[in-house]
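One structure below.
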Amino acid sequence: MRHIRTDLAMESFQAAGRDEIPGVKVNHWETMGVTVTEVIIQDEDAGRQIGKAAGNYLTLECPGIRQRDIDSRLAMSNLLGEEIARMIRREGDQPVLVVGLGNRNITPDSLGPKAVDKTLVTRHMFREIPEFTDKRMRSVCAIAPGVLGVTGIETMEMIESLVKCLNPQSIVCIDALSARAADRICSTVQLTDTGIHPGSGVGNHRRALTKESLGVPVIALGIPTVIYAATLARDAMELISADREADGAALDDIEQQLLKADIGDMIVTPREIDDLITDAAGIVAAAVNRALQPELSEEEILSLMD
Amino acid sequence: MRHIRTDLAMESFQAAGRDEIPGVKVNHWETMGVTVTEVIIQDEDAGRQIGKAAGNYLTLECPGIRQRDIDSRLAMSNLLGEEIARMIRREGDQPVLVVGLGNRNITPDSLGPKAVDKTLVTRHMFREIPEFTDKRMRSVCAIAPGVLGVTGIETMEMIESLVKCLNPQSIVCIDALSARAADRICSTVQLTDTGIHPGSGVGNHRRALTKESLGVPVIALGIPTVIYAATLARDAMELISADREADGAALDDIEQQLLKADIGDMIVTPREIDDLITDAAGIVAAAVNRALQPELSEEEILSLMD
Amino acid sequence: MRHIRTDLAMESFQAAGRDEIPGVKVNHWETMGVTVTEVIIQDEDAGRQIGKAAGNYLTLECPGIRQRDIDSRLAMSNLLGEEIARMIRREGDQPVLVVGLGNRNITPDSLGPKAVDKTLVTRHMFREIPEFTDKRMRSVCAIAPGVLGVTGIETMEMIESLVKCLNPQSIVCIDALSARAADRICSTVQLTDTGIHPGSGVGNHRRALTKESLGVPVIALGIPTVIYAATLARDAMELISADREADGAALDDIEQQLLKADIGDMIVTPREIDDLITDAAGIVAAAVNRALQPELSEEEILSLMD
Amino acid sequence: MRHIRTDLAMESFQAAGRDEIPGVKVNHWETMGVTVTEVIIQDEDAGRQIGKAAGNYLTLECPGIRQRDIDSRLAMSNLLGEEIARMIRREGDQPVLVVGLGNRNITPDSLGPKAVDKTLVTRHMFREIPEFTDKRMRSVCAIAPGVLGVTGIETMEMIESLVKCLNPQSIVCIDALSARAADRICSTVQLTDTGIHPGSGVGNHRRALTKESLGVPVIALGIPTVIYAATLARDAMELISADREADGAALDDIEQQLLKADIGDMIVTPREIDDLITDAAGIVAAAVNRALQPELSEEEILSLMD
């Protein structure tokens, strides 16, 4: 089985082209104008079939976000906040560490750092001014570790160091993803309890950030911001090939022409990607803030942010 | 004849698929590691054949720029400066107006505004401190008029107003372009004496900025920063169609699948487009500065810029 | 009478040190937590006494804005919107032109360009898609003309050209100001029907933008973002001098020490000026949008902005 | 003895108002148009006299930098590079960790993060592509840890964690400083082997980053970007007081007037601080790159940076 390049588990399942895969459960529902697809991969064997780690994946789709509709953004951020809260179950006083992956200076890879900028950070308040700290506030810290070529330090090294120092109860990773379908770009959020795996994300992480590697639960939140041009081209090739196979013919010349186009490192994005990333970072951060501060109102969160 | 969506005259000529077109002359040469293609469209009839206005188009290609090689950038900016100087012939004291087209907040459309930021502007010095003004310095003013949706004012309206007020001897427009071939993105410069035409550029201008419309010579300088995803898909379709036609068969199902992908408004760019645009703006501005200030040394230009 | 360097008419009046000046009326009131001071300069003679042009000046003060309090920002922007609407009286179909003065790349001078970024611009919609244009929407266009050293074109030249082309019914100028009192920085808005005068603003405009020079009413909206260090030092010197004069003594040595400090071109700002400018631009733009679109709700304005 | 608020040891010495202080040695010299002042504080007792830690402080002054003169920038960065190299003595294969302190979003505090952006980072190359790694290249990693209120993590916690993980041979900290004299702002660099101490820097660090606290040598590099307005006011007050004391008179009223001005949190900077910080970050990064890569030429460093 061929693995299409996408970070969305639901697209990997679709690409497999089968209605049912043993060990993979898929559910759909709709709420508040958002279409939700749940993919549950029950074990590693099932995961290998679609090229994803075992665990739960929730995909929330809402096309209105791409049109920059305000109501759609609100609906998405509310629903996402609820689902994060369900997945992360806050307990005790230890902080939650929010990690914004990706490169701030590459627009389609900047979702993580930009979402971290809008995350309400509170851990220092407990230490500095404990007497003024609202009892309903929970401890949160956040970091955008940059990328290897910028710091010379691997994200995994940095997070591992911080986990030893901060002893967080859990980690929330935010990252820009790739998808296969054009209409999912900047309109879809994937939430998973499987953490971050090598090769995923626009920045292509090298090492896993998971409960296994870090010792604390890691949930990952991502929004697809690009299609790899090579994926687009390959999809076209597949269509042709299928067609030709039916004819019993070969394809070499055309194949060569398409492949020699050298689009390997190019990406496909909406033209207005800068604005869409800003919106997306706002949606994700609002959802994270609500989930991590369940006892504060939206107004209280906003006024603490400034 | 079908018109592929590209702003490069040399690609329009290639797309026509004929070795010779009456009224179109094409020359190639190489110098300092830069491949130059000159397309001369002698009259409007010839222009219609390839969907471009009559006039001269010079395309300079240097793949090293895409790899961010410093020597390649220098070679390109030197050669480009010479060609602009040849095209614009400075005379008298009237200023040259440099116009940076495009939207500063959309990365692949921001070439023009960013190049204008690095252009040496001198007109105000002649008016403010005439006694200190170097006799070798020439009058230059520059503007990035923004885009219609940002200002509510059409670029053409704004430039027309400024031309009346400033009475420039000529206009240099800088704009981000689209191309058809992936390897020309951010490695190629097109220089033309035909000005800017409706529908061209990443921002898709609505009205012409030409000698006819403005009353002064307009040269246009552009670097392709995107391929339209629809162009990529159409190119793939063409290959398939050609292939199928040879078989005498129809293509409807596949065609529908590819077309329903809804990639109409998406663009294809290199992943590191932010850095490449910064490089490109530097190359273009350095060339413009040299061409418009032929009697100043590079060091003098640099020290006047700060 | 000595003229302290401040762009606020109320401070110029205070600096005069007299309770009453013939031809100058001053009123105070408070509403929604905002202190309003109205200075009416009835004629040019009176204006000369305090170094300001004849006309009406409204100063709105609200210290909570400096603490980044959300309710204070809302109160200020609502009240300011009402006062702009009172001053500008919209009539007919001609557009209002909003002008953001100042330099985007100098933080304390960037208020104007940043406010223009958040202004709802509609003029192009009437021209492009007249059939979909809401009858309640009014025509607005906006421009941030940059500064002389950046474009080589004087702001006055550019606005004059645009006025000829756009034929606006009135002009709203937004600019960063200087003040004398530290607690007014980024907590105060001045609104005046006298336009912009030479030497005013952080960027120090050279020519007037007024009804006399442009032929249409010009209102000016400004927020003080800096104190000139020389003003601070001079204020200190004045205190000393006054004190010494009472003693009948000279001050030369100290005067020399303070003056040789070479702080002439330095400015005094709050440390968090970047964030305060962002807030201020939001307050001003929200007020302008409400005043210029009286029949649209806040939600409608927001959804048209994206 | 009163301690004026300045991060420059040479100003603390001057403020002490004595020609000689036991245990403090001061030397001056000039080279390449740069005035160098060396302050050697031989023990803690001597340090307490001027409110600075024991160690070596080198201050390099070059007024041309403030005028944005290119030759001055080059001279400063060359000389500074030599002095860093003298202080840091590179040995063995362990990396040097460059730390950019301060807040990227507060212009006068952003020197550190901006200098880190321009630092050549190589540690990852040794790990990823050891076979292509130039033997003359040395291992460097770099981080801008942000500020407590942004991440919820103290800088000291983060650096301590990274030191355990990276085991660097030494640390170079870059920070924006405060000074007392206006003409030193953005024209002066201080280099010291004493590290970073609580209360220093524009961002006011809370805990020490020193050899004692981190276990590896820490050198600190800073450029003054602000004067605290309170320092300016206090300096004026001192002059007055000294003057009045000579008269045997009190100062209460004036003192109250100046002190009630509430300028406590305000800073004094040059108007063009944004551009000056960009220049300063370039100077510091160029010096650091030369010092940490003594066997690479400037061209090699530049080409590795892109």
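Each chain carries a letter (A, B, C and D) given by its place in the written order, and its residues are counted from 1.
Quick note on the criterion: a residue touches a chain if its C-beta (ideal position, glycine included) is under 8 Å from a C-beta of that chain, and two chains touch if they have at least 3 such contacts.
Since the model is a prediction, treat every value here as computed from it, not as a measurement.
At the interface between chain A and chain D, two copies of one sequence, more than half of the residue numbers in use appear on both sides, so the contact is built from largely the same positions. Chain centres were defined as the mean of their Cα atoms; on that basis the chain farthest from chain C turns out to be A.
Between the chain pairs B-C and C-D, more C-beta pairs are in contact across C-D.
Centre-to-centre separation of chain A and chain C, using mean CA positions: 44 Å.
In this assembly, the C-alpha centroid of chain B lies 39 Å from the C-alpha centroid of chain C. One inter-chain figure worth recording: chain C and chain D are separated by 37 Å, centre to centre, where each centre is the mean of the chain's CA atoms. Among all residues of chain C, those that touch two or more other chains are 275. Listed in rising order, the residues of chain A touching chain C in the complex are 68-70, 275, 299, 302-303, 306. Against chain B, the residues of chain A that register as touching in their complex are 105-109, 181-183, 185, 202, 226-227, 229, 232-233, 236, 239-240, 243, 247, 254, 257-258, 261-263, 265-275.
Residue ranges on chain D touching chain A, taken from their complex, read 95, 117, 121-124, 128, 139-143, 146, 148-154, 157-158, 160-162, 164-166.
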